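Two complexes follow with chain A in common, the first pairing it with chain B and the second with chain C.
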Partner chain A sequence: MAAVIPAPWRRWLPWALGVLGVLAALGLQTQLYSGQVRTVATIFMFVALALSWNLIGGYTGYASFGQVVFFGLGGYFAAVTMTHLHWSFWLALPLAGLAAAAYAALIGVPLLRLRGHYFAIATLGVAEGTREIVINLDGLTGGGGGITVPTVGAAAATKYLGNDGFYLVYLVLAVLALLVTGLVSRSKFGFAMRAIHQDEDAAAAVGINTTRTKVLTYALSGLLTGLVGATYAFQQVTIYPERLFDVEITVLMVVMVVIGGSGTVLGPIIGAVALQFLSEWLRQNYTTVHTLLLGAIIIIAVVLLPQGLVNYLREARRNRDYSLLANVRRYRL
Partner chain B sequence: MSAVPVLETRGLGIRFGGLKAVDDVSLSVPEGLTLGVIGPNGAGKSTFINLVTGHLKPTSGSVLVDGKDVTGAKPWVIAQSRVARTFQIVKPFRGMTVRENVAVGVLYGPDGTGRMSTALKQADEILGEVGIADLGDRPPGELSVADARRLEFAKALALKPRLLLLDEVMAGLRPGEIEPSLQLIRDLKARGMTIIVVEHVMKAILAVSDQVLVLNAGQRLMLGPPREVLSDPQVIEAYLGHKYATRQAQQSEAAAAAEAAEAAEAAAGEAATASAPHCHQREARNPTPTPRPALSMRRWHQMLEVKNVSAGYGRVQVLWDVDLTVAANEIVALVGPNGAGKTTLLRALSGMVPIREGSVSFLGQDITGRSIERIVDLGISHVPEGRRLFPGLSVKDNLRLGGWRNRNADLDRVIELFPKLGDRLSQVTGSMSGGEQQMCAIARGLMGKPDLIMIDELSLGLAPVVVEEIIGRLADIAASGTAVLLVEQDVDAALTVAERAYVMETGRVVMSGNAGELLADPRIQQSYLGIA
Partner chain C sequence: MTGFLQATIYGLLQGGLLALVAVGFSLVWGVMNVVNLSHGAFVVLGAYLGWQLNSSLGLDPFLGMIVVALILFCIGYAVQRFLINLVVNGPIFITLLLTFGLELLLVQGMNIVFTANYQSITTSYAGNAIVLGGIQVPLGRLLAFLLAVGITVALVKVMANTRVGMSIMATGMDRGAARLMGIRARHVYALTFGIATALAGMAGTMVGTVGTFNPAAAGGFTLLSFVIAVLGGLGNMYGAMVGGLLMGLVQAWGGYYLSGTWVNALAFLVLVIVLMFRPSGLVGKAFYSARLEV
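So, the complex of A and B:
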């Protein structure tokens, strides 16, 4: 596709596509009824989450299996400040993101010294531990009984946004995550992330401050995840630790990125849209077995396209070989 | 030239547990010097590079670059002070093009730019310098071995280094590919760059080095002009073993004496005395010089026959057309310098590395391409380099695991060979000395009563006394019905105990024959040290 467009314009192609995408999303909203708006908003939410996991897990190669900790932390930050301090959501939202980023940097300094599955397990442990802390700070967080953000009356600094409002907020967050990813992937910083993913020793040997790069990336990833978590908390009104620190949220982020293609701009978007859409469609049409079917489809996708759809297409085009069997063989050694 | 050395190390050392991998190395490298660093396996060469470039933190001593103390600094700090390195195993950034690989170094190097277009342009210039300008758009995975090495060079040059450390940039190259790399080093040298070359290819060391540093067991053994160093008895000893060096010294003394005698036109009687030590020595080596008459009878059947075998890893071909045979009850030594392909050959024979061409037959059966466990079943046992015991298990459990092939294998038989193990059956193997561990590894290899045992680097990290003790058992092992194929650094020890031997060099068998004759052949030393 890119080949038919003159070179000077090609630079602007992603921007043009992005603007078109946003316009389409806004247009789509007018055509949907309320329940569907909510479903599509959830898709945007997962697009933003998948893109933010992709920064640390995809580009930098540090599989953060405790990514939900930033989601939960952002959510609780917003809920607690809105409830106890009566902050406006528009103040709580950015600060929740910053709090999550600061937490990411704090735990990142020790954890990012670990590599591979050691890092994955350690982040998982931090997420579980943080949830326990949130449960035990029940004066502040309501503990296991949850906390309810005031959405009506005098106590509510910000009125509940409703399906249409959250649709827009999630869309903005998805676009923000996309912008960050797009800029990072082309920048000097993005090169450092990819170099670290490939070989950390070699990256350090060409002058890359690997510690700083990793911690910054983790903070950036935590920031975006925290923003989404804060929005989710407000959307849910009442939140519980079990739900906001649910491992399944991390798993979904990982699966979406892996299926779409990790370390790419488009991969997480495709993965998130495809998986959420499929999941919803199966739920409506095959209610009783929908998780079974979804699981089977995920397994098949991961077996056939272990590198993800976008990376597969890229390699297939280069090798002029679209055979899935050859692809499986290449990755199974 | 500035008076301050580009690199200085003072008492530099690092310990891994009890092992001093680099021990008290002091060195001063003035600007513009090309320093070759050599040493046998495990001498600490790569560790030395890792210490200088910050990839390892020294446990003692200090590193100074341009007079500035950088001990313990992070690798990127060292890189920014214009010290660049290559890696022994090439480390390209996959998923980036070749051009981008080099651009990363330009972006993050000491003259770091934020402009992508500038970085990519400079990357192209550097690719041109190393001679792969046309490959900029390719992914590094598609490069040939030689081109991947050049990319490694280019990535280092992207830092505009003053000091360049090259870790085995010739490894895996074919003879014809070595010359362009040497030319590249010469060009950089002509530009005044200070270069440290760690290399096994002695020809390369001789071609480019102004000075050669020899490391042995982590210590600085010697520093001097290349030819002087390579013909020094201590260096010969480090590479070929103590006895070999001694004999070589005696031989050259004898030769010198003979020459002197001839020059003086002395009486015939005197000349005879001069050559006497030579004869005497051969007798000393083999106290019963009577050839074993049964041998030729026994060799009616070649138990192991390796024909035209080629093998390698990925696109790196390591073995080229190797022929080798081992007869029943025979001890055969396989010697040659580092990187000659000895370990790869053993791994190919035991099925761990796929054989690309040629065939291997064992006891009349074609075993080419058979699985590892099948080959073990058929009676080939492999004692790998570094022993690879199960360190958390007891000696007894380790031995019993070796009896996989033959569940009824009797412990008593191997303990009879290595009585020391009998006292330590319940000890955890990881806590034993290196020598005991090696005994345990060999004993484990013998548990299944194999027809052939292949032992890789028997003496690695062991004291000479221990080596002698273990080597002494090989004859018993052969006599008990298990032939031995021995890969060994200590050439003298190996050739003394073996009946026949093969000498490998850069993946090929270059000499073979009677072990005793090979021992006296000066070409062996040449293959290790580049000069005789």
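So, the complex of A and C:
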């Protein structure tokens, strides 16, 4: 049984590790060449995305299979305001996040009444529908032909940040997502989220306002995803609805969280770094079959570690049983 | 008016085919509460197998379909028995991810074996059309529609009247009780998945006969099956038929009256509205939509 009041070192250790991690990331930047900086920036991007999905999917247990809608919406908000209104990126970025959060709250009120697969499908439907709307509002968004954010010359309010600039922005976003997750997971709000995950009716019975908790969590998750989307749109310069609303981005978030360990702070980070690193390595070394191998790896990981690496280690340490075979048996028919 | 009737006929024909694409998906979801993200990949695999049989052996696609169904049944049975059964009791992300991994594997495998080029199965007769009062009814589509409806009806009869069908339904309703009655759930699940992939394969061959396909189309078929299964509802074998016909009509009418790709947005709008007001689908049973796990 763990102590009720954590030992003092347990309280400051995560902070110290976090600061060390950020310093390491900054130090790493000076050692990489340009292409590698971009690759590592993408890893940070996925860390931020996985952490934000983890809030609604991992802690609260609502499998948002349309999470990419906030990514796309944030991206398009930034691109449209920067192109048509000549906003600075630093103004467009936070407002894009807020727009995504508002959208999440708006669709969250009706959708979060659904549970299980039905919530997953409804969010997927909203994401696909929103993409079609973006395609068809072509006066504003450029439609299927895409929209190009001005990055040079008089039309550009913010000059292109370059690989090093985006590395820092993504790092800040990843740290922000980590801070939010860390603070939420220890707060009363975090307990309400976990309670909803375990038994929603019981949570309501002990006085948790489940609707408010769920909608707020969804908005928070949408906010973080929208911020990342806005940054991605600026980084890509020209964006297309097909790419910004790609279901695969959602699936990657889910895979990363599940492999790392859903409902934990560290899990999504481990999952995102491991999967993105692996995927990049496979892409460079086995170009033709890399997606095939990725599929096989996902299958093996899901069968061997269905509860995710962090949760597996936690349980294994508690039960002093590290056997993977016993682990495979837990969800077997 | 003729234009509207033409759109309606086209929508109904397309809807029947979509129903067959989705019926296996709906069956798997209803019986074992698994949303099979690799369903579309099996549809495309069926299309490629039919195409291969047609181009190398000269087998007519509507006959080759039977061979395709047999092959895909065996594949599906093995996949469920030795892979999906390992995680079938897990939380929903787990089965979603496993089948997604399977989808990546299948789609990339087909990309490597068959290349990413568009293919279609050509026959001498499928392009011909019957003209009824100014309305064109393409023969290939009509044949595909009739077969799709026939197969769905046959499936309903099998489910309701045979021991195998009843054991599948029983396992879907209450697995624990079914096992106590001596039903081998592992075998029944594998059988169900095998039937679903066989149906997907037949649907795929027909899709290949009336249109073009490539490995990248798999995701689209999965999404369509999703929408149709929800529209129709689970727990009623005719659910996929109702959902498919509705979807076909919505697409055809939307395509006739709306410009651009608004029609796609419309399909998802219909989906979300049905989910909000009737989560058990149009003809489904509430029991299946209320449960959270098997």
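Here is the rule we use: the second predicted complex is superposed on the first by the 326 of 333 C-alpha atoms of A that agree within 3 Å, B and C clash if a C-alpha of one lies under 4 Å from a C-alpha of the other, contacts with A are read in each partner's own complex, and residues count from 1 in each chain.
As a convention for this text, a contact is a pair of C-beta atoms (placed from the backbone, for glycine too) under 8 Å apart; a residue touches a chain by one contact, two chains touch by 3 or more.
In this text the structure is predicted, and so the values were computed from the model without any measurement.
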| item | value |
| --- | --- |
| A:A156 touches, of chain B and chain C: first, second, both or neither? | neither |
| Chain B versus chain C as contact partner of A:L137, first or second or both or neither | neither |
| Which superposed partner A:V22 touches (first chain B, second chain C, both, neither) | neither |
| Contacts of A:V237 with chain B and chain C, given as first, second, both or neither | neither |
| Which of chain B and chain C A:L98 touches, first, second, both or neither | neither |
| Contact breadth on chain A, by residue count: chain C or chain B | C |
| Residues of chain A defined as touching chain C within the complex | 57, 63, 65, 110-111, 114-118, 120-122, 124-126, 128-129, 132-133, 135-136, 144, 247, 251, 254-255, 258, 262, 288-289, 291-292, 294-299, 302-303, 306, 328, 330-333 |
| Interfacial residue positions of chain A with respect to chain B in the complex | 186-188, 191-192, 194-195, 197-199, 201-211, 263, 318 |
| Of all residues in chain C, those that touch chain A in their complex | 29, 33, 35, 83, 85-90, 92-94, 96-98, 100-105, 107-109, 112, 185-186, 189, 219, 223, 226-227, 230, 260-262, 264-265, 268-269, 271-272, 275-276, 279, 289, 292 |
| Residues of chain B touching chain A in the complex | 53-55, 74-76, 79-80, 84-85, 87, 91-96, 100, 103-105, 107-110, 112, 114, 116, 119, 139, 155-156, 158-159 |
